[in-house]
Structures are given as structure tokens and as C-alpha cells.
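As written, the chain order gives the labels A, B, C, D, E and F, with residue 1 at the start of each chain.
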């Protein structure tokens, strides 16, 4: 299959390389000859769910080297598993190592963290939020999907979610929903964040099609769901943890959103080591 | 004082806003009138060390609103502490809220995490590494300093650090050091990563001025330091934790580098709430 | 009200000026002294609905001159009506004239053309499509709203619309709807383009929430609407003209989409003429 | 022939795709498998002069698909004529369809409209003006040439044209021409817009080499041309239509400029339909 | 006068500062407190013609400091003359010093070098060529004008100059001129480079309006000028020096072009020294 | 060897071409057919040291033509030596000629000028300064190395050099050095500019590791070097010329910095001439 170029990925990686390389990798350029070619391997140092191949491959491609995934994204790797191999000019391998690992370690961290939550309540739709590292929302959301989760709206431009501050600013739930319905295009549903049963009733009456049940106890959620089932979808958020997810599933919420899938994930450990240096002959075709 | 504009900060924030706002904040634009003005406050929801005012202020400035820090960067806030106030068009406050909080929550997370490590061994120089989120190295390194740590080289272009893979690629420690010395400008020291006493001896003999003692036990470090004190600086890394830092200080290492200052930090919790809406009169001067 | 800067508008206008000015307005720079200041007026040469003030004002602002709208966007102007006044360095007025008029003439053209369609069937929701001039979708969609119309989804990223080619590529309506529902976030409805009653039945059965009734006769639309009213929204498109809109309204379609609101609109005529040159004294504050 | 890459075309198309695709074509990505490959054809739905192959081909190239023109630019197509074929990953064909058609429909519209004017007075030099859609001047001017017309200066930087407002600002025709001659490089002629015979005399006396006869009746133009033939070129503009062009040719004007070649042209209709889906095997080489 | 912002100048200076400052001026930021304010002066170290105020002022403006020219561009300065004063945060003065001086030293060098040539043959039109430092053509051409010279076409897009290689590629002078005349817009003259009398005759016969007399001896030029005076303009180039210019003027050439006005100019010497540090009070309004 | 793409070089050349080509090379496009292919050669017109192949090759690559170096960078060419050959579409060769030559002529000029200085004192380390043409520092520094010199720090971000103005602003040498040492990362040495023996003593006492001996006479330098040998490196600058370099070497300075290596170099002369036009057949593979 001819790969379809993704200009967003290319731009992200180009900027990441510019950040780390700038005017040049002065260590590598001084002590590694330009014509030396070889290979290396990237190894998991702990148990993890792999994510980040697209970014890592783009890093090495932009440097004229090749990257071969050996463990598919979304699969588990154990300590010692070789998850990818690289080959090309040694300078390229050394210059790209850190940036590629930074993508792999952070994105695999999110996928690994998400997987644990997903497995706590199989079949429940778990989604991320807009609490993402600035400029990295695209890859971080992809890591959530690779980990088994789903995505919420991407940003402010592709979904209507009326939150507490909007209600205050608009002068009430009904006013806010009505205004949103008039302006939003007809392929969008309207979601309203509610904190009480009364707000839920008001939102549904105003035409909200999705309710964001924020920081509620289970009993309140149960009553709201019972009363409005069939007229709205239910998203639960706030104080969520893997341990609470089975209860959410039992309550019949449609979606649980957890910003922590992304922002409470820590990097997992991977490292790269050169494992071969050519006698000086050919380079990989790129 | 006339503020000195920082084009890197402006660009970072403009991109972060573009990522989240894109073609428009369709919720806010539909349900909040353009001429409504008010204020809000940003509150800590947990104990934390504050960081991110510059980024948050730039977010609101680019949207035509004003941001006033109430707790200085580097100071501690307790749950409930109001760390900043905002004022301006309600649309601007609502549209900027998430991006500003994303900076504050992530950077305060790093500052808070770093502070804990710094306090484990007062006086020891703790530095970050190049294990940073792509495109966010500048702010993340600043958070380390705000937290009380110091910075290592920024990137590949402003420091010579010969690591294991370079030694392999160059054909040996002596070759690598010699080549680096010939090419590097005369304001740079040469650092070499060593894993054994023999490598340390070889590096110093070749002219290395800084030794990166990687993943060593305390006894080995002690012997190396004793042998080469005065001829090189000593940086320790690998398997570091706050608990081990007093021992490092006792050993006399000059610098301890910990990537985890950044990549093992989790976001801390802050939230924004509107606290006043004007009767419709004036907007803030911007 | 402090104006909220819109980086998309700034960028659009900066590029438009760069396109027309490039290395310099060699006529103006050679024959108009840099310190000469004056004013001018922009006049409608035909009946039209005004649109484009934001763009025109930004043009002159970027050149250091001021632009004052005299007829509100969405209002009608007659031949001879002065719709805006400009004031500033003569060089700026002359250099910006053409770019500003190009925005005003094209956008007022769309608003004028849309207004005629809207008035043919008051109360019917008329929307644009993605048939817009490349790079100008934002302003052109705004002109549709200024003219009294509404907007469809902005682009491929903020709405699900399964068209004939998607159905072919996916292997059927049911497969396509099911896949879209699984991947799309929960604030999006699914729209399916149908050309026959059978397709409409299939789409609704699969869970489509909006039907795009494409190029159908009135009788077929009537039958589909009668059968699925309450389970889906109905959008009609294809072979639409102002004359047919009352019939659409009578049929009870929810939305009519017409690409021609934008791409069949012609520019309307406006011109700018200097009407005062200062004796050399002050310039406007900008 | 190795194609010479045109960075302006690449940039224009990349921005057009970014405008329409943004964070992703959520319909196509959800319901069309990434590895499905096939072909399609683009068909004229009305009589037209073809223009836009370069832009359409670049659209599909940036998405990893191939575009083959079947009717040369500048040739006529009838309703039902297949003007181009596409082949590649189905996702690429579907994602690029609208942007490619937007170029083809708008540019063919200009070429078709221009052709009609050109055929009204064969041999007369018809040129466009700077009344073009912002950011699209390059392609729109190309469409005029494809339609059989010629181009005026591209922009403010590559030609001297002293218009009424310049004359007012400069203090007179003689002053303006003299200043322009002193500053302009020696490969540029000076053109002056005149509205009366007296102005024409004044301009020629001042050294103008081209007269823009604006909104004049035929008799006035005839007198001016008779008096200054051989000392200046004559460009006629204002109130031009195809019907009036033979008279212009008879009068001996050298050039007729018509902004309407571009801004009064409407889009013509073309559509794309998939016509083959592979069994899953190979993709086109790109 | 309200200054008209020049986006090209802003972009040039922003890039120049980014080149020199990058992630930060680590010397200044470490040893100069952020709130210290003061002033400095820029002094000529040799006799020179001043040029570069616009660029230097923009450098300091982007850093939040103020720059006041004390000697007008185009005027002479002697060793010790203070040509400009600066005031603002000390950090800004120190960080901007080198970039500002690099503009002043290089552009004043060109102005000084051009002035000497201009004074060798007062009244003769001396122009630059396209032999300019990449990315710096705009400022370098301005320096030629400040020095008393004039400009040739800016670039390949705003003038027709058929050189020896074009004639070879086109198959002859007549073919080249005819093709250029057909394609070029009607405000452009056609210039042809000729090396012999025969070529000059051929070019004029083909319609060339400007002859570039390249590397000719005076006698040949005299014969060509005598034969074609009134039918073409004459530009002389090749082996030009200040000493030869009076002869060119006597021959009656219209223009002499000398690439060396720019590329044989050397930087002149200026330096900046702080001359006052405030007690800590106010900063300049910017 | 697979060439490693250098995004900085690509961007520099793309901008240089945009500067010169803009909307198009109107001469070449009008008089050279698009399908004509041929070759040319670039010849030295004077004795010079060759530099600029990378830039020239990138120019032609971006235009779809091939560039083959025939004399290695750093080697000498005599008048008449063919230093490179080009081949491809004639349009590409003609359009790229000037930009490519501008790089070759300017960079070879620096390499040639540097070589003369280097040969005046073999073995002495000669370095450039930050006195470089804005936006061209990278290539100009490379030319110094090609000429046989070495490089100083690249910019303000990768080296600590405390100059006279810093000392004034910081309040003294000791304060400045101490502050720099605290903030700078541990792979950086601290350099201090000194003008007297007293300052040298003070700087070394404060911990400076490199002394910049500015504008000193030989005797003073000798005393400073004798007193601090082994505790600091010595860089001499100011009033340097090739003639003085042997004395510097004899004094034992470690480095001599000369801004004039770059800013006093003049362009050397090279030209390009077409030497073959194909009968119309094949183009080079690119």
C-alpha cells in the first residue's frame, strides 16, 4: 500500500526534530563519520502497550533512516521485547534516537494506562477529554484509542458542550441550549453539563441530547438515567477511577470521560542500542 | 517595566489556541453574547507549587482578556487557594479556560514533583534531561527551575555528551573525545557517559571534563570520584529517586540528572470559575 | 468593547496583502509622499446587501489606516450609498483599496445572492455546502449567514455525511453507518445521502439521524418524510432554486442545502474615492 | 519530462486540503478501510472549457493518489465527457474529491466565461484585472489564459498604473508621471488612467506610454487614439461586455481589460464517481 | 505620522533575532537582572554613509526597547559620530546589539561604497543587479538607493531581460523577443543582452526596447548608441568601475549596472556602548 | 549513501528561490519551451577556493535539475576551471542560475579569504564571530571551515561570553561570572572579555575559564598568558590581520577570532553557460 502522507504528522515531527537538533547534533557530527551505516533495536524495559510507531518512523524517515515496527501498536510488550528495529546512517540513528523514544515512551505510557482502565469494565465506552498536552492532542488521543479507549470531541470547534460557566454566562440552561441549537449545524447534538437532577430535567426539557453528569453520586445518576432514558445519552465524569468503572457500567451510562487517561499516565521505559555497523558499504533505500 | 515580548512563547500559545479553537468555539460563540464582560478566578484543588503564569497570561492576552497572577511562580498553594484572576469578555474567558489550565496543570505538576526531589537533598544540583514532551521542552525546563532544580544542556546543539552509542559508532572513547574536541567550539566542555571504572579512566585520559556516571552503584562512583576529583566534574544518572539523593550528595557528585523530574510528574488539579458578570459596560484595556 | 483579535482573519488579510503588494506598491510609493494624510469613502454602485467590513477593516488596519463602517453588515445599500469611510496615510488608503474592495465586492455578492433565496421562503433553513473557493470558506460562510442563511458542517472534520461514493467504498449503507457510529464521538449525528425510498428506509434502519434527500422529486420526498418523520431530520439538495423553495417548505424538509448560495453568486460593484487630503498635519491614532 | 515542482502550487493545495480536512475526514476514515484501492472518473455535467488539472492533480498527489487528465486544458467538454480519471487508495479519492472539484469547477468556469468573450472579437487582446478572489489570483489568471485571454500586471509590484486616486494624491498627472518615471526601474512603462481627452493629452505630454481609457464612449476613444497613435498604447476598460468588443477592435485599442472575466464567471458543474474497487491487491506507484 | 507596519521588515528582523537568540541569550539572562533599564549609543568608528536605521529600530522594537536615529540615512558620519541612541531594558539592549549592528555595518557598507561610485559621475543612473545576498535583496537594494544609486528590476518576476543563455535556449534573438512580447503584460519593456553590434541590430529589429551592452569597449558602444538612439534605451555593464563611469556618461548610456555596488562592498565599523543605567525606575513607553 | 535531508538548507534555498522567482521567471517562461532539456557548466573566472556546492545543488534540485560538483569544496580553482556541471530542463537551469551563483560566489569568497589568513600562520586556530549577514550565519560559518578556519559559538544560546557591556550591566566581573556559573549548564565554560591585566586577573579569580583578550598589544597579552597559563584558555581579537597572526601564534594564544574572515570577504567571480541542448528527448531522473 502506498502510504498516504499525513502533513500534520510530518509537521509535528519536523518541529520536534528542530527543537532537539537545531543548528546541528554537535556530538554526533563531530565523532561519527558521515558515511558509516548500521542498525539498532528499540527494546521495552518494562511491561507496556506499544504506541508511537507512526511518529518514530517519521522521525527516522526525516533523517534518512528506516524504522521497522516489530510489535504492533496496541499489543503488549514485556521487559526485553524488541519492539522495533532501525537501520541507516549511524548519524541519523543517533540524532533521531531521543526524539523517537520521547514519542514512544510517552504514547506507550498513555496506551498502557488506558488499557488498564478499559480492562476494568469491558464494553464500557471510555473517552478522553481536552486535558491534553498543548500541541500534542492528536497523538495523545490516538494513544487512547490504541489503548482501547474512544475519543470525545477533538476540540472546541467540533462539538457543543455547554458547561457550568457557559450556563452562567448565557443566563440559564434553556437560553444556552436554544442559542446553541439555532447556531449549530444540524449534524451536531447538544450536550449540557449538569450537577443536579433539576438541571438534568431542565436540560432535557430544553432539548439537550446528551447529559454530562458531573461529579455525581451513583444514586443521583441512577435517578436521572431512569427518568430520561431514551431521550438523551448519559456521559459520566469526575472522580472516576478504574475501580469505579464497573459501577458506571452497571448504572447504564453510555460514556465515561476521564482526562486522566492522558494526564495521569506516566512515561514507560524503552531504550535504543546500536547492534551492527556495516563495513562501509551500502545504505538503505529510502 | 515594559514587558519584553518573547516570540517563542507567543508562537507556542498561538499554536495551542489554534489546536483547541480552530474554526471557532462553537459553544461559546452561540450561547454567550459578544459584548458581555466579566471576571473569574483560578483555584488550586490540591497542594501544589505554582508554575505556568507566563503561558496562561499569554493565552488570555491573545484573546483580549487580562490575567493577574495572585500567587508567585515557585510558591506553594493549598487546596482552595486562588492562584490567579482573569477579566475580560466572557467569550475570551471561556474560550481560553482549557488551554490556560492545561499549561498551569501540567507545569505546576512538574514544579511540584521537582520540589519534592529538591527538598530531599538541599544543595545538591538536580537537573533535567532531554526526555521531554515534544515541542514543550522550553516550558517544561522552566518548570524544573521554578520547582528548584537546574537545567542540563537544552538540546543536541548546545552541549557535547558522548554516550554509549556514540562510543560504539566512533570506535572508542579516545577517538570520540578527540574528534569532539577538534570540532567543538572552545567554550564547550566534553562529557562522556561511562559505565565502568575503566571507561572513566579512559575518558579522563582522553580529555573528558565531565563524566556521566550511568547506572552505577555507590561504591563504584566513590572510587571514580576519588580518583579523578579535580580533573573532571561528576554527573550521576540512572535509577535515581528522591530517596537516593542524600547518598549522592554525600558521595560528592556535582550533578544528578533525572528525566523523571519531568516525565514522571503528573498534572495537578486547578479549576476556573466565573465570579462576576458586568452589567454590560466597559471592557478591560488591553 | 476591546476587540478580540482573530488570528485567522489576520492571517488571511496578511496573505491577501502580500499577494497584491509583494515587494511594494511601486506606483503609490513613487508618486504619493509618505507623509500625506487624507480620507475616502466606499460607495455602492448597485443595490446590494453589505458584507465584508471585518475583512476590509483588517486590511486598512494592517496598513496603519482606519476603516469605519457606515452601513451595518446584513443591511441593504442602494446605488450611491456610502457604506464605509476610510482615513489615514494616503499611501495606505491607495495600497489597500483593491484588496479591501475585493473582499467587499465578493462577500456582499454572496450575501446579496443568499438574501434573495432566503426571502423566497421565509422560515425555511437554507444552508451552504463545501463548494467554496479554496482558502476562503470561512468568509464565504459568514457571508451566507449575513445574507440570512445558515451553515452546514464546516469541513470534513466536524460532521459525518455518508455520500454515494462512501456507500460504494464501504460496501453498503448499513456497514457505513455502523462503522461511523462506532468511530464518531458521541456529540455527532450521522447523515446519509439517499437517492431512493429504499435507501432512505435502509439508512434509518441502520441508525441514520439525518437523511440527505438528493435530487429527488417532491412526491418521493413527501413519502420519505411521511414514513420517517420523528426518527430523522430531512435535508433536501440538488436542482434547488429560489423558485422551488416554497415547495420544500411545504413538504416539511428541515434543511435545504444549496452550494449555489456561494458559487453562483457574482461580485457586486463598489468603489472607493478619496474625498479629502489634509494640509499635512496629523494622522489618525491607530 | 521530469515535472518541475512549483512550491506556490504545493502550498496552495496543502492549505486547501488543510482547510477541508483539518484533523481528519471523519466520515471516510470511519467507514472506508485504509487498504482499499480503486478508481474513479470526473465528468462534465455541462458544456465547458476545461481548466484546473494542475491543481486537481496536486490535490490527489498530496493524498497519495494519481490523477490523469483526459481532456487537455483549454479544450471543450460536453455534458457527459470524462475529463479526468483518478486511481489510488479509496480513502484518498474520497477525501480529495471536493477540493479537487472546487478547483476544477471554479477555474473551468473562468475559462469558459473568458472563451465566450474572446470569441466575440478574435484577435483583440483581452486581459484580466486585479479584481480576483484573495489568495487565488495565480490560478484565476491562469484560467483566463487557458480560456484564451491574456494577463494584465500581476499585482502592485510589477507594473505602474496611475489611477484617478493617485492623481489626486500626487497633485496632478504630470507630477505623478514624473515621480513614477524617476523611481521605476527602466524596464517598466508608465500607464495613466484618463477619463477625458484633456487628461489623455496631459498624460502623453508627461511621458505616459500607455493610456487606460476608462468608461469612455467610442467617439472619445476614437479621437484620443487618432491623436496619440504611435506615442502610446491604448487600454480600454469600464462597461465592457462581449457585445461591445468588436467595436473596441474596430477602434484600434490595443488591449481591453475586463475584471468580469474572473468575477462574473460562475462555477460550472463537474462530478466524480467511483468506478472500480480492487480486490485488495496493489496500489499505484506514486 | 502613524508608522505603516511593513510585514517584510518585521519578518526579516524576527528571523534574524531567532537566528542569534534561539532558546535565549544565556549570557545576558544569567548576569543582567530583568528589571534593569538604561541607555546606550551607537558610534561610527570610520567615515561612512549611514544606512540601516529601519532594521536596527525594528530589532530593538521587537525586544521592547527604543531606537532613536541621530544621523539621517544617506548622511555621512565621521569616526566618533554618534549615529543612534538606544534606551530600554538592559537585557534588550545587550541581546539586540549584535543583530542591529550587523544590519547597520553591512548596509552602511553598501551605501558608502555606492556613494563613491555615484560621485564619480554625477547625473549618471547607476543601478544594482540581482547579485545580492540571498534573503537580503530588499535591504541591500535600499542601501543602494540610500547611497545615491537606483535599482534595476527586483527579481525575475518584474522585468524581462533576455540574456545570452536565453537566446541560446530560445533559438535566437528574434524568437526570444517575439515570445516575450506575446506573453509579457503590456506595461513591460523588453531588454536584450547583446555582445556585438550585429546582435544589437537584430534585437532592435525584433522590437527590443532596452539593450544591455555587455562587456563592450567604448567604441562599440558608441556606434550602437549612435545607430539606435531614440529606438531603445542603453544599459552598460561588465568591467565597470568608478573610474570608467565618466566615460559611460559621455557616451550617452542611459543606465550603468554594477553588481559590485553590493557584492564588493565591505562592512564598515560601528560599535555600541552602554552609557547609562537607571536607578531602577521606569522603562520607556513602547 | 542515502543523503540525509537537511531541513535548514531546504528552507534557506526555498526562500532564496522565492525571493528571486516569486510569481514566476517571466523571461524564461515566455521564451524557453517547457520541454527543452540541456546542460551547462559553471566556471571560475578568477583564482578561488570552492565553497557552496550544497546550496547550489539544492537550488537546482528544487527546480528539478541535477548539479554535479567537479571540484571538491575546499579545493582551489584557477580561472577557467569548470567547478560544476548542471543538467535538466533548460527552464530550470536558467531560473536557478543566479541564485546558485549567488551562493557560490559569496561562499567561495569567504573560503578564499579565510584560506589566505589560515596560511599566514599554519596551526593557529582561527575562528569567526557573530558578525555575519543576517539569516546566512550557517552557510557563512561553513565557508570559514571549508576555508580552513574553525568556528566560535554559533549564537547567543550556545556559549557564555561576558563582554564589556555585560560587565557594566552586571555591576562587575565577579558578579557576572558568578551569576553565569550558577545559571549555565555544566557543559559550558565561561569566557570573559578583558581589556587590561587587572581585568584578566579578576576574571580568572572569579572562575573564568576562557579570556577574550580584546584589542591588546602583544606585550600585555604575553604577561597575561604567562601569569594564567593552565588556568584559562586565551582568545585574541581586535585589530587582527593576516600579517599579525604569526605573532599571535608565537605568543601562545589558543584562538584568534576575526569577524573579517566573513565580513571583509568579497564575492569571487564564477559564471554559468549552457553547453548543450538535447534534441528534445529525455530528462534527467530526479
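We take it that a residue touches a chain if its C-beta (ideal position, glycine included) is under 8 Å from a C-beta of that chain, and two chains touch if they have at least 3 such contacts.
This is a predicted model, so every value here is computed, not measured.
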Chain whose average C-alpha position is farthest from chain C's own: F
Comparing which residue numbers chain B and chain C contribute to their contact, where sharing over half means same and under half means different, the two sides are different
More C-beta contacts across A-C or across C-D? C-D
Averaged over CA atoms, how far is the centre of chain B from the centre of chain E? Could you give it in whole Å? 44
Distance between chain A and chain B based on Cα centroids, please, to the nearest Å. 22
Quick one: report the Å distance separating chain B from chain F, using the average Cα coordinate of each chain. 34
Any chance you could list the residues of chain F touching two or more other chains? 22-23, 154-155, 157-161, 188
In the complex, chain F residues that touch chain B: 125, 127, 150-154, 157-161, 185-191, 210, 233, 235, 254-255
If you look only at chain A, which of its residues touch chain D in the complex? 1-5, 7-8, 138, 154-155, 158
List of chain E residues in touch with chain F within their complex: 12, 15-16, 19-32, 36, 38, 40, 90, 93-95, 97-99, 101-103, 105-106, 130-137, 155-166, 168-170, 175-177, 179-180, 182-184, 188, 263-264, 266-267, 272-274, 277
Chain B partner contacts - residues on chain E that touch it in the complex: 14, 17-18, 23, 34-35, 37, 62-64, 88-89, 91-92, 283-286
